[in-house]
């Protein structure tokens, strides 16, 4: 009797595994999504996944594309390119037309390369790579690919946004960046655009730090203070940014912190109330943008997520990605990667905040408006229950970040 | 003929491995499953890597926390060589690219080995850990050799094949990996039977005694380390061919840890242990991680269970059966095993269910996933699934205890008989 | 006459402030069986450790086969033709008896650090190992893990590893310690056999073994050699009687 | 001058934090030979426990309770896990702690979520203690210094003035002799492991709000602690102390000196340009590799002096 119950449980287990792994109805348009979902960077993938899922539900409620619904299929890449490529293989095995990835330019480079080769070698089973946040400029310049579409401004554009947001009074800045490809390109681009747009600004310090190795940033703060800088500009993310800002606030340094990533999940908590009015972040979207613009529909959309998940909705901009996909699939008339890719090229869409956006044809880089948020008390929607939130300090329109590119696009015949 | 008889296991393995991917063959579309092939290629590469790690840990008693450095540097070397071949600077058949990786590994094994093998035991482990940290940091900082964050990409389709194969499909690459894995494994197996291999064992057991029979234990360690670097480099070279990219994570501590885990789980007692361990580890990481967010937890639990109850590894467990098998009475264990299976599964299921429920309520739910078993969505807020999990875990554990006791009795009796039989013959 | 097999000149050794070996002079000619005796703590094992290179000497000189061992690591002293055993059994416990002996042979047969010879195919070498095993009466334990042997068997294996390489100077540190009478007799026969035509230096507490085997005996007391002579002379030496043998007789 | 003084203070604070973490590991590693990979996990647990406790009863009780909880966790791990594994050798022990570290990390993620938690400095200490050349020195840092100094004193007294302490001291230098002293060795092992874990927990309590309390904090803190212990030398708390302070100061001062090998060569009249061989390595400035110096130093000291700075025996 007992033995039989054991066997039936075993059967259940097998079925469970088969049920999870097996494909459900082919009626959906599958988007493979790969980011770290476990390990030390799990929060990145986790936060994205939540927000993406909400957006997909929203898009599907509006009819999906060609009568089919979008479905997100997550793959854990553990921040490793090899695992991302295994995910790519999995996606192509199941004939998924899209693979999406948001975090890590190393993984993005691997995916672009992998997708190019796969599509060359398997013309009957192609896949499009949607880049939702890997921002190395190379990816849409030297390494640009017909199959790669980037839906976030790249580091050079963000650098320009940051420089444009720098107030007139600020004339002395200090640069700190992480010592790897991304940090080095942020460093380079900040220098370029400071020289171009703000020749009056003097760079009093320029520093590279080893990635994720520094536990105490106080010595840097000492150095920065000694240099007389008024603002610190950094592309740091994760602990390298949190600890840097924390150390600055602790030492009572009179600085403004211009960051790329302070608004992402975990940042506001780590910075805390001490960062009031000091920390600025370059962002594609902030929850207070909609109420500030008086856009009720967008505010409702954002609030819906907050109410549902008790979690900030910093990535509402991803909605634009799926609106592009929806339009492109409808325009292509079939779930076919090649056709969809051609449909996406040069497409323009008015995003949910009401700004014009374009998927540039030459390099497959999205050109959209961008914001600089300031971490402040007294905003409508606060971040991570800190009582402080991101107020829009500057809005940079798409035309202002429309930087030239060096891409030589090769299109399939 | 005797060669065939002696090596039948290798041949059988080869045939099985060649046939295995066809289980996943998509007959409707007429193509192999890229996922399955890549995963199996990964197993092949990691098996070479684990075996080379075992040349240090199992054979020479050297615990390295930086073995991936040799693997990764070999991979970088192979990648640069491929790019040179592609550019027409040098000529090398695609089939021999792993050898280029091996030579790279050999070189760095020699250089880094000079530092690391000055010490043994914990000091050796710590030096390798330091070297691992330094090299992985350097891999991000120096663009010239490491290509920075983006790594070095290659195109394996070089048209320099000796066999006229273009290596466009994963299947062709898989066959190449298989061939190299067999060559490397055979070489490493033979290496254990050479004077150096034996003296590595000797120095592991008693390094002082090795000195007094004329050997310099440090020299033994150094050469062994260099050779292990060679084989790790071969693995790296194959890695490059599979993924066509090599990035800094190939030299990372996590990769080194993987080898350690594979070797320990498989067992150092027998040559094939690390291969077995690799299969388990890769399937856990690449297979289970697709199914569950909590896979790291399962890895952790697996280690603890292995370390506490089966420190001899999987091959050790299998090896325990040898006397009974020789006595020809293995069949009598079948029933006790079958009886223990349901409660064991019950415990497993209860545990997995519990972990998944917890993980789901705390993390997964917000990601918009549905917790589904056999297509039916389970409501994680209702007490029913939690109750089932707890009951399964509790009852299963009690039941397993009982069966384990019965099993133990049967096992001891059989062992006793087997011993007597062996003594009599 | 060629140089002595082992020659110690004013050898001293200190551990911290304590001087354990205090100016030992000793010359052992080729082919001699020489025993070192002395009370516990006299420094006999330390002396062995100095000669075999396990510890560096503080001052003085040691020559082995006419060459100074100053600064040489143990393996190089071994390669001069000197091999030693240990008081506390020192074998390769996780390897088989056969492999233990073979490890003792490899260097002297010129295999060095080879990773291109397959040992299975070295017929002559393996036959030599088997011959030695038979001589050690370990032939039927050939494939047993050395760590599982009985104590007496492990001692025999220890001697086997020591002599396997064919060194012409053999140092044995208390080879019969902890053995029963019958085991001791067997060990003495073994030692007598394997040291035929070689130089033997041994530390031993069992006086019957010492007087049965040694051609000459040195008495070490508090780090100094107080006498070095034939067994008969040592037996009659008053100073030795007083310092050492007397206490045993009493 | 002002940079020097401020850097010195910061280096001290960081060094003392390292010491709190490393002292426990020194005890465990020297005495039990266990390369405890879960040590940094205890640091993380300490921070999270303190966060939760401080939500309900405030920071001050947490300062006591959280380390005690960590110690209990440590004792449990030792009694029901490590002790069984001990006879299988050091690699088994190491893997066991590795498994424990994985489980703790996942458990923390499942309990407190993936994001950092707002574990803050208590208000009582949230003010600048003094200003030095215009830079504030937060009172909390002084408090950290105080706690770690107190802890150092307590350990030192415990080891030199109590019976158990003397036995532990003896066992530190001669671990194989511990059983010969006629003491209940398993109990002492449990005690040492629990105490070491509690110390790491204490470090977590005061370090968690100084840094950021998040699930990856164990992962990032892990290696450096090993470096300190090995560099200081096995069996020597003093060595561990010196190594901690040294590592703290080195990392702090490395930031200050903006020099590279190329600058050094320039002094000898050799100019490094982009075409010079190894130009990439030669032009790396000290601040860029400051955080890697501890690893470099560890490798070098182990190669040339395997007992570490003040160790009583080889590592």
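To keep things simple, chains are lettered A, B, C and D as they appear, and every chain counts its residues starting from 1.
Please note the rule applied: a contact is a pair of C-beta atoms (placed from the backbone, for glycine too) under 8 Å apart; a residue touches a chain by one contact, two chains touch by 3 or more.
None of the values given here were measured: they were computed from a predicted structure.
Is the number of contacting C-beta pairs greater for A-B or for A-D?
Comparing A-B with A-D, the pair joined by more C-beta contacts is A-B.
From the Cα centroids, identify the chain that ends up most central relative to all protein Cα atoms.
Of all chains shown, the one whose C-alpha centre lies nearest the global C-alpha mean is B.
If you average the Cα atoms per chain, which one ends up farthest from subunit A?
Of all the other chains, the one whose centre lies farthest from subunit A is C.
If you average the CA atoms of subunit C and of subunit D, how far apart do the two points sit, in angstrom?
Distance between chain centres, rounded to whole Å: 48 Å.
How far is the middle of subunit A from the middle of subunit D, if each middle is the mean of its Cα atoms, in Å?
35
Taking each chain's centre as the mean position of its Cα atoms, how many Å separate subunit B from subunit D?
Centres of subunit B and subunit D (C-alpha means) sit 32 Å apart.
Which residues belonging to subunit A are in contact with no fewer than two other chains?
Residues 42, 46, 179, 210, 213.
Can you list every residue of subunit C that touches 2 or more other chains, as numbers and ranges?
none
Could you list the positions in subunit D whose residues touch two or more of the other chains?
Within subunit D, the residues that touch at least two other chains are 109, 114, 288-289, 292.
Pick one for the touching-chains graph, please: line, ring, star, complete, other.
other
Tell me, which parts of subunit A touch subunit B in their complex?
2-3, 5-7, 9-10, 12-13, 15-21, 37-39, 42, 46, 49-50, 53-54, 56-57, 72, 74-76, 78-83, 85-86, 89-90, 92-93, 104-106, 109-110, 113-114, 117, 121-122, 125, 136, 138, 179-182, 184, 210-211, 213, 309, 311
Considering the complex alone, what residue numbers of subunit C touch subunit B?
52, 54, 73-75, 78-79, 83-84, 86, 90-95, 99, 102-104, 106-108, 111-120, 161-162, 164-165
In the complex, go through subunit B and note every residue touching subunit C.
That would be residues 190-191, 193-199, 201-202, 204-206, 208-216, 219-220, 223, 227 of subunit B.
Using the touch definition from the top, list the residues of subunit B that touch subunit D in their complex.
By the definition above, subunit B touches subunit D via 57, 63, 115, 118-119, 121-123, 125-127, 129-131, 133-134, 137, 141-144, 253, 257, 260-261, 264, 294, 296-297, 299-304, 306-308, 311, 358-359, 362-363.
Applying the document's contact rule, which stretches of subunit D touch subunit B when the two form their complex?
Within the complex, subunit D touches subunit B at residues 33, 35, 81, 84-85, 88-96, 98-103, 105-107, 109-111, 113-114, 223, 226-227, 230, 280-281, 284, 288-289, 292, 295-296, 298-299, 302-303, 306, 314-315.
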